[in-house]
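See the structures that follow.
One chain, chain A, links the two complexes that follow: it is found with chain B in the first and with chain C in the second.
Moving on to the complex of A and B:
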């Protein structure tokens, strides 16, 4: 059975290793798609709708085409078709400079027949609202209903009940690097595209299909990318447009989305509004749960959310519908559906615990079937100093009040088949590992180098890692579902082991020892039965002569495992006069099995917490019901956390087993619930709607007073 | 950005003549104008840089007073020991603008001439009782800072008139500025409140309160000031001053919060600002 070995045997695996690309990134040497400039390259721009709902009556491209410096103008929607949200693509241009492209966009004239729009869930659900999806009566999908046990019997058994409505607004991904591509046709049959993507091979296959090319004649390169969070799996209309403009003009074309377009069309986390009634027995068992909720993913479906979540409820009913509005489509966003559902569930848990007069952690212990989290509750509570919390929420008369809260999350992240990789040992001692995955920012390069270096007794800097390129045709899946490391690591490990075996076979005669007796030391290979027989790595590889050893790997079920449990504790301080909320500390206890690189794992936890913090206290898409437009499609009014909003984050990588589990998504799940519960503990009023802003806090305090 | 003509005059008279033309804009630090031009909310036909005109920048002391050239970088205002010591509220306001990189470009003249009700230096200038020197091809004049603004983005400046200098008379003995915002840095003021006080044996001999982002123009809370003058700062007086300042505010509701919330904040922040200004006096 394949195994990662014991911790005591590992020289690198499980240790803290500095990200290999870190220096390139902070010095600006790392090249992102945005940084790619090809000789004679043109700049692409897309004209987008400022109208939320309209029929296109006419498009006049002639004035744009006549502008000097414009090389191509193409329509992206047919006359007679409908525009269904602000930001939808109408036409595109390619021009010699970005300024000319912008000018050209303004010279495209579009005749529209405006149609009534709805941009908020509540407006869309009103009787008589304009029908904006023909297949959804009343703008609502068929309800998705899940039932378990008997909720009536459950409520009969309940000693306490809570009924509440929880809401989370639409959140956008805010990738630091906007979506975009640089497309270049090498000739009529060979296409190269630099893409800011989290799925190199998915994008390659999309282009191959769309432009009717053999897949191996499309090369997609993503050396570095500035965040995807689930929004960058495919090329999107903008990617195909860049390639089409390049095809028409015969020149390379760069087309990056503007920040505004990024907010409007590059995906979002759907909203959630849920009415829930839940009951618990007098001894603290969650016994009944009845929830009805909705969310919007814009004009598309996909607005699901979890519930009941994490905690065991024997009797439950959950009904969810999607609501269509005239706004850009949702896309997967870091743990889709989970942070919304977790915020509601963890708020509900605290409300029930209070009715029972129970400690919120104790109440969770009773109802959480997950053994890992049971241990995490103890560790997290100890780390935050849970005993210091307000025993009476909102107690005291000071202006600034502190409180603590807890939240939980659960994720899969077990990886899967489909990655091919090669590990090569050259005669000069150099080592190369190649696979078609991509570094979405989590540090897979370093993880690959660590695995290979561990196997060969080398340092991570000795291993040349090539990822983010669809050539030489070693496929790997998209970086989603927290699947990258658990999918890639086993294949790299087995490839390296196979290459090592081949090398051992070559040098065993030289060392006059059976192959099975050879071991790697640190930069050496020795015979385990006679340690005087030792040669350096370079002496060993020197035996290869003109040949290299190059081996592929296989996916090994036993090297990875599904299931990542997490718990977070938050401490907040509220200024009861201004409503200002300051998150002081987050303790994030996160299990991900074997953390190959502890340092980058902690970084992923930090990143998740920061994203959860943004959702908890800052982020919200505002739609204007009158104009149908997004009011804060920028980074001035759509606020993400700055460095000074980020609290002390105690990121605890919670060791469980020695198998790899992905951790990209789960750390953002428990944060909003933990913060919301901490706010309640501080001021004794509950905010059931994210983000928790100063005005909501003051309103709630005023209502209580 | 739309095409435009760019001028770099070397005298105020020349700059004024150019600026008197239609669709002309002055370029100081460019931190507002250039963003507006990129977003096409500003489409000037001519842009007149003030960079090459000598004598428009620098901070000098004139007796008890301080003179700040309009082209002085906000960062210099923030770091000036004279301003930090004598007009603390203004230094604090300057320190709240954007990032250090932005403050190294932005000028105090631009921050004021842009006439945003939320400008971070304006409350500090209001409580410093600043005089604004204005030049044009026709000559010079001076107006009090609280008479400069007529509306959002609007001032009493006539076509061709250019702000050259802010003159701050003898300082109050203590001042303070609080910017109420969602994010710690890189955020616009919800509300800005500055207070400056003179104390004589615990009695407030003079008090000035400046409010930003709570009315179409930056304003002085004169009712509140009148309540304070001649009195000691008791808890009761503090409450009355806060309420009077809130009554002077006429804020808007927007996507971030309601007008009522803003008024409540004016009350709270006026009290806090005053307390700190008195503590420093």
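Moving on to the complex of A and C:
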């Protein structure tokens, strides 16, 4: 059975190791797709609809085509077809400079016949609202219903009940590197594309299929990429457009989305409104849960969310409906569905606990069947100083009031098959590890180097890691679902072990010892039964002569495990005169399985908490019902967390076993619920709609007074 | 363009391409129609047809001659500029992220002070000392801020990192020993979506002990 060995025996695994890509990133040398400058490269741009719903009755490209410096202009929609949201693609240009491309876009003339639009889910559900999806009566999908136990019997047993409606708005990913590609045809049958993607091989296969090329003649490269958060899997229309423009012009073409388009069309987290009725017994057991929810993923579906989430309720019913609006499609966003569900459920838990007169942590202990989280509640409560918490929410007369709250989350992150990798030992002692995964900022490059270096007794910097390129033909899956490390690490580990075994077989005669007695030291190989027999790594590999050892690996299931439990505690301070909310501290206790690199794991947890904080107090897509446009498609009015919002964050890497589990997503899940509960504890009024902004706080305080 | 289509090798026609990008035919149901004419207003704003000028810029201690338009930003020259000798300037460390002075991704130093390169016209940068993230290290010796960012893992995807590095260096130029609050305020013009802030604060603290 494959294993990662004992912690005490690990020299690198489980330690804090700085990133291999660090130097390139701090010196500006790291080349992202956005930074690729090919000789003679053209700049692509897309003309997008400013109208939320219309029929195209004419597109005139001639003036744009006539502009000096413009090399190609193509339509992206046919006359007679409908535009169904602001931002939808109409036409594209390629020009010698980006400024000329911008000028050309302004010279494309489009005649539209406007149709009635609807851009918020509540408007879309009103009777008589414009029907914007022919297949959904009243703009609503068939409800998805899940039932457990007997809900009526459950409510009969309940001693307390809460009925409430919770809402989370649409949030956008805000990848700092926008979606984009640089496409270059090497010749008629060979295509190279630099792509800002989370899935090098998926993008390669899409291009191969779409442009009718053999897959092995399409090369996709993602050396570095500037954030995806779930929104960067396929090449999208913009990717195919870049390749098409390159094909027509015979030149390399760079086409990156604008910041505005990034908000409009590059994905979002769907909204969620949950009307919940729930009950608990007098001894604190959740007994009944009834939820009706709806949300919008734009013109598409996908507004999924969870409930009753991590807590056990024997009698439950959950009904979910997707609502179509004239807005860009949702895409997976960090732990899709979970933060929405967790916020509603953790708010509800506290409301029930209060009715029972029970401590919220105590109430969770009774209803949370997960053992890991049980331990996390204890640790987190200690770290935040739960005993200091207001026993009476909103008590006191001071202007600034503090409160504490708790929230929970659960994720899979067990990885899967499908990664091919090679680990190579060369005669000069150099080592390479190659696989087709991509480093989207999570640090997989460094993790791969650590695993190989540990196996060989080397330093991480001794290992050359090659990822983010489809060319060696060693596929790996997309980086989503917190799957990268648990999918890749076992394959690298077994490949390195196989290569080591081969090397041992070669040098065993030289050391005059059985293969089974050889071990790696630090930069050495020695015989365990006779430690005087030691040679350096280089002496050992020198035996290979003109050969190299190159081995593949297998995905050993024992090396990874599914299931990452998390708990967070928040402390906030509210200014009751201005409504200003300041998050003071977050304690994040995150189950990570075996954290191969503690340093980058802590970074991931911090990052998740901060994204959760954005959802809790800042982020919301605003749609204007009149014009059908997004009002804050920029970085001034769409607020993401900045330095001034950052609280003290205590990220506790809670490693419960020696198997790898991915943690990219789970740390963002408990944050909004914990913050919302802390706000209630501070001021004694509950905000059931995210983000929790000063205006909502002041309204709620005024209503209470 | 149909001729061009033929010249290239694959069998994709424009029509096929359109289908593939997801614009299948949907019958138009006609509602009261509004005709949107050509966007004259937008056209009037178009900044083209402006004479070019050749200017000299001093970037990282090196002089570059570049031809620019009046509207060309400093950031465009750094990233996309081609000097009069035909060489790409290719200083792509500074990034265009928000394109409107909100995110700090494009931060460079101009005469030692941090500036958003997306908001500065190239012609206004003449006669000034421009330092980009590429110019901070002294050969192989990294700037203390760069060292500290690596040490503290103050970067994930790294796309915001060049901007934060330059802003942090500029902050320490002005205040060699900032408090936590001063660090937060000093870097409040920069945005990181990956959420590296806590480790950035640690890195700036560490670097402040070394500059």
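Here is the rule we use: the second predicted complex is superposed on the first by the 705 of 705 C-alpha atoms of A that agree within 3 Å, B and C clash if a C-alpha of one lies under 4 Å from a C-alpha of the other, contacts with A are read in each partner's own complex, and residues count from 1 in each chain.
Basically, a contact is a pair of C-beta atoms (placed from the backbone, for glycine too) under 8 Å apart; a residue touches a chain by one contact, two chains touch by 3 or more.
This is a predicted model, so every value here is computed, not measured.
Participant: Counting only touches as set out at the top, which of chain B and chain C does A:215 meet: first, second, both, neither?
Facilitator: A:215 contacts neither chain B nor chain C.
Participant: For A:227, is the partner it touches chain B (first), chain C (second), both, or none of the two (neither)?
Facilitator: Once the two structures are laid over each other on A, A:227 reaches chain C alone.
Participant: Does the superposition put A:698 against chain B (first), chain C (second), both, or neither?
Facilitator: It touches chain B, and chain C stays clear.
Participant: On the A-aligned overlay, A:99 touches which partner chain: chain B = first, chain C = second, or both, or neither?
Facilitator: Both: A:99 reaches chain B and chain C.
Participant: Tell me the contact category for A:77 with respect to chain B and chain C: first, second, both or neither.
Facilitator: second
Participant: For A:578 in the superposed arrangement: first (chain B), second (chain C), both or neither?
Facilitator: A:578: touches chain B, not chain C.
Participant: Under the stated touch criterion, which partner chain does A:632 make contact with: chain B (first), chain C (second), both, or neither?
Facilitator: In the superposed model, A:632 contacts chain B only, not chain C.
Participant: In the overlaid three-chain picture, which partner chain does A:622 touch, first (chain B) or second (chain C), both, or neither?
Facilitator: It touches chain B, and chain C stays clear.
Participant: By residue count, is chain A touched more by chain B or by chain C?
Facilitator: Residues of chain A touched, chain B against chain C: more for C.
Participant: Please indicate which partner A:642 is in contact with in the superposed arrangement: first for chain B, second for chain C, both, or neither.
Facilitator: Touch status of A:642: both partners.
Participant: Chain A residues touched by both chain B and chain C?
Facilitator: Residues common to the chain A contacts of chain C and of chain B are 99, 636, 641-642, 644, listed in rising order.
Participant: Quick one: in the complex, what on chain A touches chain B?
Facilitator: 99, 102, 577-578, 618, 622, 631-632, 636-637, 639, 641-642, 644-645, 693-695, 698-699
Participant: Using the touch rule from the top, collect the residues of chain A that touch chain C in their complex.
Facilitator: Touch list, chain A to chain C: 18-19, 21-23, 25-32, 34-35, 37, 43, 51, 55, 67, 72, 74-78, 80-82, 89, 97-100, 103, 106-107, 109-116, 174-177, 185, 187-189, 210-213, 224-227, 229, 237, 240-241, 244, 247-250, 258-259, 440-443, 599-600, 602-604, 606-611, 634-636, 640-644, 646, 649.
Participant: Could you please specify the touching residues of chain B with respect to chain A in the complex?
Facilitator: By the definition above, chain B touches chain A via 1, 180, 182-188, 255-258, 261, 264-265, 268-269.
Participant: Which part of chain C faces chain A closely enough to touch in the complex?
Facilitator: Going through chain C, the ones touching chain A are 1, 4-5, 7-12, 14, 17-18, 20-26, 28-31, 33-39, 42-43, 45-48, 69, 71-72, 76, 79-80, 88, 90-100, 102-103, 105, 132-134, 136-137, 142, 145-146, 149-151, 153, 155-162, 165, 183-185, 187-188, 190-201.
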